[in-house]
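Structures for review follow.
Note that chain A is present in both complexes that follow, paired respectively with chain B and with chain C.
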Partner chain A sequence: MIRRWSFVLSVATLLAYLLIPLLINQIFYTHLAILIGIHAILAVSVYLMLKIGQLSLAQAGFMGIGAYASALLTRDVGIPFEAALLLAGVIPALIAGAVGPLLMRTKGVHFVLLTFAFGEVIVLTFVEWTSLFGGNNGISAIPPASILGLQLIAPSSFLILTVIMLSIILLCCHVAFAGDLGVVVEGLERNEPLQSSLGVNALAYRCLIFSGSAFIAGLSGSLYAHYLSFISPEAFGFWTTVNALILNVIGGAQFLMGPFLGALLLAPLPEIFREWVHYQRVLYGVALLLLMRGLPQGFLGLILPRLRWGNNR
Partner chain B sequence: MLVQTLVIAATSSAYMMLLALGFTLIFGLMRIVNFAHGEFVMLGAYAVYVLTVVCGLNYFVAIPVAGLFAGLCGVVAERLIFRPFLGDELGAMITSLALAIILQGAVMIIFTVDQLSVPRPISGVLHFGSIYLPNDQLFVAGSSFLVVIAFHFLVHHTRLGLALRAVAQDTEIARAYGMAPSVILPLAFGIGCILAGLAGALTVPLYAVNPFMGEAALLKAFIVVVLGGLGSLPGAMIAAVVLGTTDAVISVWFSATMATLVSFVLVVIILIVKPSGLWGRA
Partner chain C sequence: MSNTVPRLSVRDLRRAFGGIIAVNNVSFDLAADHITGLIGPNGAGKTTVFNLLAGSLAPNSGTIAFEGKPINGLNASTIARRGIARCFQSAAVFRNITVRDHIVRAGYLKAIGRPLDLLKRRSLAGYKKAARDRAEELLDFLELRHAADRDAATLAYGHQKILGVGMALATQPRLLLADEPAAGLNPVETTEMTELLRRIRYDRGIDVLLVEHDLRLVMKLCDRIIALNAGTIIADGPPNIVRNDEAFITAYLGADHAP
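Here is the complex of A and B:
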């Protein structure tokens, strides 16, 4: 019963999130909503890794790979946006699949440290490989998104695309985790030796999740690139991943809707209080500290029945 | 060229040692991956800026004061923030991220995001025949090694050091022998932060100061500590020399980015062969 209600509530929230900016019909609110969507998608990719009990700090790097891939493929190679969007997910997923078996041998702290270093390496590559990635100047004049020949120049049309992407991603995660995958993943987190003894290839499942999360991060990168039509390396650094992590913690890191709720609450703040950006950093930090102490399940933990806080040992 | 490269290697090894020893000490005793470690380096650097440029103090007096300031901040952070997260690695990690954000934000509010610089207190070069050695780099390398030797003495030849090592090995048994973790742990955190603060203070004249300088320092500390084995002090020292030397050689002959990439690849290879790091405990 609770499951069904939370599903209905989730769909209603998503619909409201799409319709309210469309009804207000002011560019500023549409802009906020698009940013929320892009941040939420990245946060979902962090959520997937948290689901297997690992914190990956390379997610913004994967977002960057998706953004650069999508931008360069549409602008310089001239492939259509739909294909570029798909490739923006596939390329980071392949890279994650290639390094996954190496990185995923480690767990916990070592994995965090390695993904941190890996993320830095990705950003460094963007900065240093100037001939391809344009260095610190980044890439500009990225063509706008277009679906089936329809150019999505108006922010409201881009918002629809963003919400559709977010909904598909959330739905896919929901369906995947409701089935066998969810059982296996939960089992891996609770008792990996037992799962392995039952013939589950733990490493393969971990790598699958890692690739999937890179795929999602790449999609958010593509949306980001085509919305702003300009990208530069610093947008994909360590702190972008940390922000996505904060969205999870604040929204509620063990709920699929947690990252979205976190984005809904936090992503608009930097745009609304532009003058106060520095104070906001301090505020973010303090909020994070207080939440870790007082409300480890995030805001969704207040509303929904208390669940096991998976990662606490 | 060879001798110059060696001096750069020594400077960079010594700097990495300072960064990594504090980081690994904190992890070894408390299992806390301190993502704010780079921010303590930044605190040391800004403290020197305030003491010398704003207050007009002598640079050489400012160095130890800056180190102690960072250490004091560390003790306060341990008592106020990290205490409830002992034994919760992920929670402590997120908490340290929060601390890093707060410190960065505070520095941005006070000093803005602009680059600040401290005038170089040491200039000139030493030259033997055809070999020229910059004095400021020699000073950084020399004083860092002195700090490392002092730290080594503290850990291996004092009662406090014995207590630190005992708590790192087994907190419960150390407690049974009368070593109170509630005293030892903040002290250890403070000592780790003093090392970080000194690293920042010593290198201020070489590099500029800005609120984002902590990230590069953190990356260096990470790579060294993972290579040496998390929590291992001798591992951190040896890994700092290995990585400092490769870093210097590759930076001189190719580029700094190449150096970072190579050290990353090195660390990944070693972790695959021996996941606990070169000198880590399993």
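Here is the complex of A and C:
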């Protein structure tokens, strides 16, 4: 029962999040809403890794791979945006799948450090391989998104795309975790040796989740690139992942809607308080400290006590 | 299963941790239809042998064959799917689900052992149905029916350990590795556990390899005993022979007990 209500509530929140900026119809609010969506998608990719009890600091790197892939494929190769969007997910997913068996053998601090290094390698590649990625200057003149021949130049149309993507991603995660995958993933986090002894290949599943999280991060990268029409390496560094992690912590990393709620609360702040941007990290730090003490399950932990999305049925 | 191929065949197994050689050139065969006890003082290497057999650890050298097929180097989940189950030294349960659901889950997890298995929806449904039927039968066998609908985490420790054995059984193994199933149990629970292990061997025909510190239990239950000390086998044979073996008495009970 509570589960059905939380579903209705989630859909209502997503609809409000789409409709309110459309009704206000001012570019600034639409802009905020698009940023929220892009950040929320990246935060969902962090959430997937947290779900198997691992913190990956490479997620913004995967976002960058998606962004560069999508930008270059549409601008220089000329493939349609729809295909580029898909490839922006597939390419990082394949890369994660390739390095996964190496990285996923480690756990805890070792994994965090390895993914940190891997993320830095990705950013360094964008910086150093200037002929392909344009170095620190990045890539500009990225063509706007277009769906079925319809160019999404107006911010409101891009917002609709963003919300649709976010909704599809959330729904896919919800459905996947409500089924057998959810059972396996829960067991991975809670008692991996036991689950392995019952015949579950833990490494393969952890690699699958890693790959899936890279796919989702890549999608956020593509949206980011085609919305801003300009990208540069520093957008995909360590701090971007940390921000996505903070969105999870603030929203409630136990819940699938947590990352979205976190984005809703936090993503607009740097845009609204532009002159405070320098203090943003300090503010985040203080907010995090307060939260960890007072609300270890984030805001959703306050609103939806005991409710856990996508765990066992 | 022909009688000439042993259930399990271990040759020159060796595993070191840094300078400590936890398992040193251990060899033994387990014939089918046996309960075998693996005993030895603390740090003798018993759990390490189990970890090697179950694939949670890779051996430095040596071979392990299950029913004639080599399994060393395979990962834990593959070995589990081949038919070796283990229950853990500490009572191991998932949280927040009932006793029945634990057994059901244990019975079908190997059907989704690899991500691609998730796509076989049709055969999965059949697997789950079979796992549910098996769970009902197991609840009776384990004498846990009275607790079937309880959250497993709220069970008494002894029942949690029985549930651990039940989850291992739900995978339909042909060999069960039980690491100290009676550790931490009170005398009544210990008797229940002993009886359960006996029924696993005689009623269900599942071979058991047992690590246990309770020597009385081991001597009563096992057809054969392998004694380890400092990673090496020091005695191997039927209980009444090993009991009187000098090397065993010295290593296990201390020199002053030697005859």
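Simple rule for what comes next: the second predicted complex is superposed on the first by the 305 of 313 C-alpha atoms of A that agree within 3 Å, B and C clash if a C-alpha of one lies under 4 Å from a C-alpha of the other, contacts with A are read in each partner's own complex, and residues count from 1 in each chain.
The criterion applied here is as follows: a residue touches a chain if its C-beta (ideal position, glycine included) is under 8 Å from a C-beta of that chain, and two chains touch if they have at least 3 such contacts.
For clarity, every value in this text was computed on a predicted model and none was experimentally measured.
In the superposition on chain A, A:208 contacts chain C only, with no contact to chain B. In the superposed pair of complexes, A:121 makes contact with chain B only, with no contact to chain C. Using the contact criterion defined above for the overlaid structures, shared-chain residue A:187 touches chain C, although it does not reach chain B. With both structures placed on the common chain, the touch criterion links A:140 to neither chain B nor chain C. Of the two partner chains, neither chain B nor chain C is touched by A:130.
Once the two complexes are overlaid on the shared chain, A:196 sits against chain C while remaining clear of chain B.
One of chain B and chain C touches more residues of chain A, and that partner is B. Contact with neither chain B nor chain C is seen for A:25 once the two complexes are overlaid on the shared chain. In the three-chain superposition model, chain A touches both chain B and chain C at residues 311-312. By the touch criterion stated above, chain C contacts chain A in their complex at residues 54, 56, 75-78, 80-81, 85-86, 88, 92-97, 101, 105-106, 109-110, 112-115, 118, 124, 167-168, 170-171.
Those residues of chain A that touch chain C in the shared complex are 179-181, 183-184, 186-187, 190-191, 193-205, 208, 311-312.
Of all the residues in chain B, the ones that touch chain A in their complex are 27, 31, 33, 81, 84-85, 87-91, 93-95, 97-102, 104-106, 108-109, 215, 219, 222-223, 225-226, 230, 255, 257, 260-261, 264, 267-268, 271-272, 275. Remark: chain A residues 55, 102-103, 105-106, 108-110, 112-114, 116-118, 120-121, 124, 127-128, 237-238, 242, 245-246, 249, 278-286, 288-289, 292-293, 296, 311-313 touch chain B in the complex.
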